[in-house]
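Lettered A, B, C, D and E in written order, each chain numbered from 1.
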Amino acid sequence: MSTLEIDRVRKAYGHLEVLKEVSISIGTGDFLVLLGPSGCGKSTLLNMIAGLETITGGQIRIAGKTVNDLSPKDRDIAMVFQSYALYPTMTVRQNIEFGMKIRRIAQADRDRAVKTASDLLQITHLLDRKPSQLSGGQRQRVAMGRAIVREPKLFLFDEPLSNLDAKLRVDMRTEIKRLHARLGTTIVYVTHDQIEAMTLATRVAVMKDGVVQQLDEPQAVYDRPANVYVARFVGSPAMNIVPAVLGAEGATATAVIDIARRPAARIGGISLSAEALRRYAGRKVLVGIRPENFSIATASAAPALTVDFDVVEPTGPDTLAVFQLGGVEVTARLPPRQAHAGREAALAVDTSKIVLFDSETETRID
Amino acid sequence: MSASTRMSSRLAGWLPRIVVAPSLLVVIVTVYLFILWTGVISVTSSKFVPTYDFVGLEQYVRLWATPRWHTAVANLFIFSALFLALSTGLGLLMAILLDQNIRAEGALRAIYLYPMALSFIVTGTAWKWIMNPGLGVQKVVNDLGWTDFRFDWITNPDTAIYTVVVAGVWQSSGFAMAIFLAGLRGIDNSVIKAAQIEGASLPLIYRQIIIPMLRPAMLSVIVLLSYIAIKSFDLVLALTNGGPGTATELPSTFMFSATFRRNQMGVGAASAVMMLMTVAAIIVPYLYSELRSENNG
Amino acid sequence: EGQIEVLHHWVSQSEVDALNVIRKELEAKGFEWKDSAVGGMSGANAQQALRSRLTAGNPPGAMQFLGWEGVQWAEQGVVRDLNDLATAGGWREALAPQLLPFVTSGEAFIAAPINMHRQNWVWANRKLFDDAGVAVPKTWAELIETGKTLKEKGIVPVAMGDEPWQIGIIFDALLSDINGPEFYQKTAIDLDPEALGSPEMVKVFDMLREVRGLVDDNFVGRDWAVATGMVINGEAAMQFMGDWAKGEFLAKGLKPNQDFYCFATPGAVTSFQYLIDSFGMFTVSDETVQKAQVALAETIMDPKVQKGFNLIKGSIPARNDVSVDDFDDCAKLGYQERAAAIEKGSMQGAITHGFAAKPEFASVFSDVAAQFFVGKMSSEDAVKMLVSGIDNAR
Amino acid sequence: MAEALSQSGKARLGRLFVYGCLVVVALLYLMPLWVMVVTSLKPLDEIYGGSFIGVPKVVTLDAWRAAWSEACIGTECTGLKPYFVNSLLMVIPAVALSTGIGAINGYILTKWRFPGANFVFGLLLFGCFLPYQAILIPMARTLGLLGLAGSIPGLVAVHASYGICFTTLFFRNYFVSLPDELTKAAMVDGAGFFRIFWSVILPTSIPIIVVSCIWQFTQIWNDFLFGVSFTSGSSSPITVALNNIVNVTTGRKQYNVDMAAAMIAAIPTLVVYIVAGRYFVRGLTAGAVKG
Amino acid sequence: MSTLEIDRVRKAYGHLEVLKEVSISIGTGDFLVLLGPSGCGKSTLLNMIAGLETITGGQIRIAGKTVNDLSPKDRDIAMVFQSYALYPTMTVRQNIEFGMKIRRIAQADRDRAVKTASDLLQITHLLDRKPSQLSGGQRQRVAMGRAIVREPKLFLFDEPLSNLDAKLRVDMRTEIKRLHARLGTTIVYVTHDQIEAMTLATRVAVMKDGVVQQLDEPQAVYDRPANVYVARFVGSPAMNIVPAVLGAEGATATAVIDIARRPAARIGGISLSAEALRRYAGRKVLVGIRPENFSIATASAAPALTVDFDVVEPTGPDTLAVFQLGGVEVTARLPPRQAHAGREAALAVDTSKIVLFDSETETRID
């Protein structure tokens, strides 16, 4: 268990800069999730932390000690791979033991460690099978078992759940969360699935093209995304980003949004700093509204806009309604059976959750 | 799981079987019928040309009473074992080395593979010279000053078979290399990374993890090399012509000379049947297990 | 007028030049010669090709026969009877009676012999002999002594290769030279078990072991012509080889008796171990081919052709009635010794090239001799192996 | 996977070692070729003078010229030229036939499986291991009955028949890894048995076609046994002619011509290996790996 | 466009019965989703509809006509596969054209059809690429294009989205929904992802081991699952199934549930038919509660139970809280920032959404 500091780290393959001055630092017991689309450099960064890739520039410190020049085995880390990377010719037990064998740990200690880990992960009955005889979820557990027995300072996970089916993914997610709670080890976890990031992390680093866009607690990233990119990437269905013109009404702002074949909608009571209000009044901005912040207008929630539903998708617990707003397609998450395709509807908006972005730089306006 | 399907008309349903039938027919005739024919010859008294008088297992008795055949069988085992072991080992080693991001990989690969392309009728002569103590390697090394150096296996009936192994390995290890290389290219990178993180050294990673993972490639190498080993014919003829004495006789050369040089067609056929039985004893269980496991999987 | 395909295994330069004498003569008669050569393995490849073709029902018009091949094919009833021609051409009278078993089957004449090689020659470098002060040996014991003398001088006494047939040449010679032609008859031809297992046979192997002592260690895989080259170059003193080796000496401009010696392997009775090449015709239905077959047979038996052919090939004519005046000294010597040998009964077919025992037995001789020669087997064991091998092949 | 391994400082020494090994092995492998080349460039007298594997004192291309167009094969002094053509006439149809048939067999055995398909495959596969010496005579008889004896078409038929075993193996193992859905999609699109094979399956099989062709080409081009058994004279393939140049018993060997002839005979296979070698490994990767 | 009737269809591979008397019938323009876990026989059934597998027993009728003995090409269907099964050596255009070429449709007509389909799917700029040069989503569109140009009576989809990443899956889902609305063709769609089933279907058939468990509208399947299996399979996180003892209180039922180290919870006001009430009163039943039907107790929503939260997973729009109830693990979906791990909480339950199951047969009690 230890801290991890990534200090202006760069990585280039020839002329191609894959990571550009990435700086992240987390404390003992933190669960850092690197979140970003494919090719943004997540795995590269993780491999650099592991010592599997050379570092072009900057420093990586584990527990305060610079590890730039240490080989993987001297960094006291364990890693779980997307493909699990189990040794296919060894049994589960041999897979878990392998690292200990190399470090010449006595048989009795090895047995004890295997027992503890396999009990924890409920794979004791699988110890004598080969990986090919396991299901995806079981393989995943074995890969974790292999990591756990090392008792490392730092756990690294590279998209460990993306090969599992939806159902299993949810279960294993909870399991990893529980494991983290129990072991308390510092974890770096790579994923492109924002739900995983949200549920697991204590800290999320959203990356794009080798640059960290935002580093924060998950709910903060969700509620106050640093820019449009993060806003769109985190959350599903994605945050709706609607062009609007900002008006000042006292200390709060009002967004004026065009609606096709109807009068423009006016969403008032958006809180904003006085300075920003001054700067953006009368100018074009981007309004971010999460789907769950729409609701069917009732007595208590006054209607802010009236729209025509385009497509309606019931998901079971909720219904997703798609409609046009400000010239873009917008999704609202509503309770079941309240929305019907092709019908007109009056919607309310939870203005306290609205986020505004500069229409040029696309960064958040506070 | 396959697209085994139905089609509207009966004929269409039978089409695959109809199309595969000629090949099957050809193989049944040219392989199985001919094997049967050879089997029949082996229980007749045929000498110069086939005669069809049943003599029981007389030719087999004769065959096993021929010292030359014993030499041939013993040689087949020595040769096959060494040839397989060395070709596989060398092929694997070269494949591993070639897989280290080598700059001139294409050229090197071509060099390792070219012996497969040459007919042994003449490369045999080149090898004969190279292994001749008075002309080849031994002479060169002796001339360089190491006068005690000996490489005269080819002159000694006890060691001559090893020269055949050397030439055979030279010819076939490149092919093994190609298959292993293909296997290595298919291995998941992250397995190696995982082992590295666990602190395994490179040789250890190869020994404990990668090489065991090459088992499918290993199987096909062994099957194809066995095929080459069993059929080795030109190799022996060109290199040693079965000599010194009869020291490098193999079943294939024995069969040929019994049938065509010694007027013992019956004995030749008997030796062919013995060879086929050996092959079948090895290959059939293998085929059976391969095809069965595929059905289950 | 007609076309004939000739299947043969002559592929070296001198062989082909000699064969061209026949071909030209035949073509002068207006026939077309279609050449089918299959070299290698002392004719076994050609044999195998022939067998395939006969099985397929597609035999060539004519085929070169070595040893018992012709007779065996005749027994299968696929060879054309040339009796009419033979009678008309007086073949029987012109040939040594010892040859007849190889060119006749029952009453039928089944092949036309073109030449006769003597196998048991010794070729020696005269200069080396003179320098060492040794003379042409008169007995094998002398030969061994001579060899040892030469060996002390750093000369390889005997040049040869390890091929079974090269070893066989020496074995054949010893078989007759040590114990006389009758012993050769009893063992190599009659396969008498008693003679085969006799102490005399042990002596033959003992002597063969002595010869081994005269051969250098690099003999493995050495071609006979390379060995001849060693004698020519003065690296080696002697070679046991058939008269085809003579061409190598002559090609270098060396003169018999002046630069090199040719003499028969030494024995109380000088033996003449021969092999002949003959051509047989297969039964075919095509009449033009039949005509060409007749023409070819006549051409082969033409004394003029035999002379021309053998002048090139290094052998002597199969016919006894062809003058050898134009031939070199070695050939003349062979011609004379043949006449003597016919009388003494020491003109005998060579086992090695299939003119004594049938192939299944001949190969046992060659197996045993070769294994004995290259290995460390005792003479007694070799004899035992020979007896049981011959028994097994019966 | 190699990148994963190469890193760190002391790696340099390791790489030196790797290159060293590779080059040494390559040199050993080239040794026979070198012997052949230098021998082919020497005059015959130099060779018989005792220089077998040394550098030639006199370099001459006479042997190459002789081997190509002057050397006598029997009494026909045409060199290898006409036999080279024969071999091409034999190898091209034989490779095409066996590859084509193997491809369609593999297609049926994987995409149109019928009861007993595995058994059929097993029957074909066992044919790979047949010692050919054992079947020469029956094959000769069969060719005679079919009227194909002694001709190039006959030889093509023989090679194609035995080639089917190997090519079927190659293609089957490759096609097993092609998704069945491809065939299903084409069926739904309305394509029939042959149309699917021709338009959908075959174009995806380039790598394995290359493997199959290389293997078959090498085997057939270098075959001597069938060539000598089932052809004669001027219809012989190049290996038989080569044998006739090389395999001299009671004559004198022309080593330089022998070596030149051998290399001429090997040129097509060498070219095939070098040109298609890249696809060879790729094709093996793609599917032929399973025995 | 047409109806599809599957009438007591059976399928056996040798002795193995894969489908056991499956009967499903849908009308013109319906969107039928076959939903079930891996290996339950979905693909087999779809292949039988397509004519790619023989039918062991029963009948399949398309537009009223029995197609049992028709070959695939004569059934007037189009199919999209999980792996897309694009012809790898053909360009996108050739892929789309292939079926028309085989049916010898004139070049001009082919061009027109390709144009229409590619415009619709926005792949016009990709027409000359090979499949290997396309991204997953683009490949998916091409596969659909290939199906669309056939203008079939029936579209068959076999897990068309399962190879896409989460984000893209959501987008393509909407697209398919829209396509269905536009073309109005009858569709049979196979998936093991219940969200896809819920959002797309007009009719869902939930399958297990070759038997149809429930065939109904998606929301009905969600709200009134036929049995525990369906209840658990549909919805994520899954419906909580809690053992309880049923008590009768007037016309409604009360479920009494044990809670560890606390007094038992009593959830009253569950509506049930009089007959069922009589039969089950005092007996053990299984109570099904969807995670979203829990809420933090407020004045208006009276607390039904007090629990200790075990794990808390914020997902962004919601927070999932895990706790023990009736001896099993239960998940509640709550608004963000309202739940904290290790804390006690009072929860309300929406009793109108509760479903009861027989504890033996596990079928729903009405």
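In the analysis below, contacts are C-beta pairs under 8 Å (C-beta built on N, C-alpha and C of every residue); 3 or more make two chains touch, one makes a residue touch a chain.
Since the model is a prediction, treat every value here as computed from it, not as a measurement.
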{"item": "Touching both chain A and chain D (chains)", "value": "B, E"}
{"item": "Farthest chain relative to chain A (centres taken as mean CA coordinates)", "value": "C"}
{"item": "Of B-C and D-E, whichever chain pair has more C-beta contact pairs", "value": "B-C"}
{"item": "Distance between the centres, which are taken as Cα means, of chain E and chain C, whole angstrom", "value": "91"}
{"item": "CA centroid of chain A to CA centroid of chain B, Å", "value": "56"}
{"item": "Averaged-CA centre spacing for the pair chain D and chain B, given as whole angstrom", "value": "15"}
{"item": "Multi-chain contact residues (two or more partners), chain C", "value": "41-42, 48, 51"}
{"item": "Touching two or more other chains - residue numbers and ranges from chain E", "value": "51-52, 71-72"}
{"item": "Shared-contact residues (touching 2 or more other chains) in chain B", "value": "3, 5, 12, 129, 132, 135, 188, 193, 196, 256, 259"}
{"item": "Residue ranges of chain B touching chain A (in the complex, touch as defined)", "value": "188, 190-191, 193-200, 204, 208-209, 212-213, 215"}
{"item": "Footprint of chain B on chain C - complex, ascending", "value": "41-42, 44, 47-48, 51, 54, 72, 75-76, 162-164, 216-222, 358-360, 363, 367, 370-375, 385, 388-389, 392-393"}
{"item": "Residue ranges of chain B in contact with chain C within the complex", "value": "47-49, 62, 65-68, 128-129, 131-135, 152, 154-155, 157, 160, 237, 239-247, 256-257, 259-264"}
{"item": "Contacting residues of chain E [partner chain D, same complex]", "value": "47, 50-52, 71-73, 77-79, 81-83, 85-90, 98-99, 102-103, 146, 150, 158"}
{"item": "Residues of chain E that touch chain A when the two form their complex", "value": "38, 165-167, 170, 173-174, 177-178, 181, 192-195, 198-200, 218-219, 222-223, 234-237, 290-292, 311, 313-318, 320, 322, 333, 336-337, 341"}
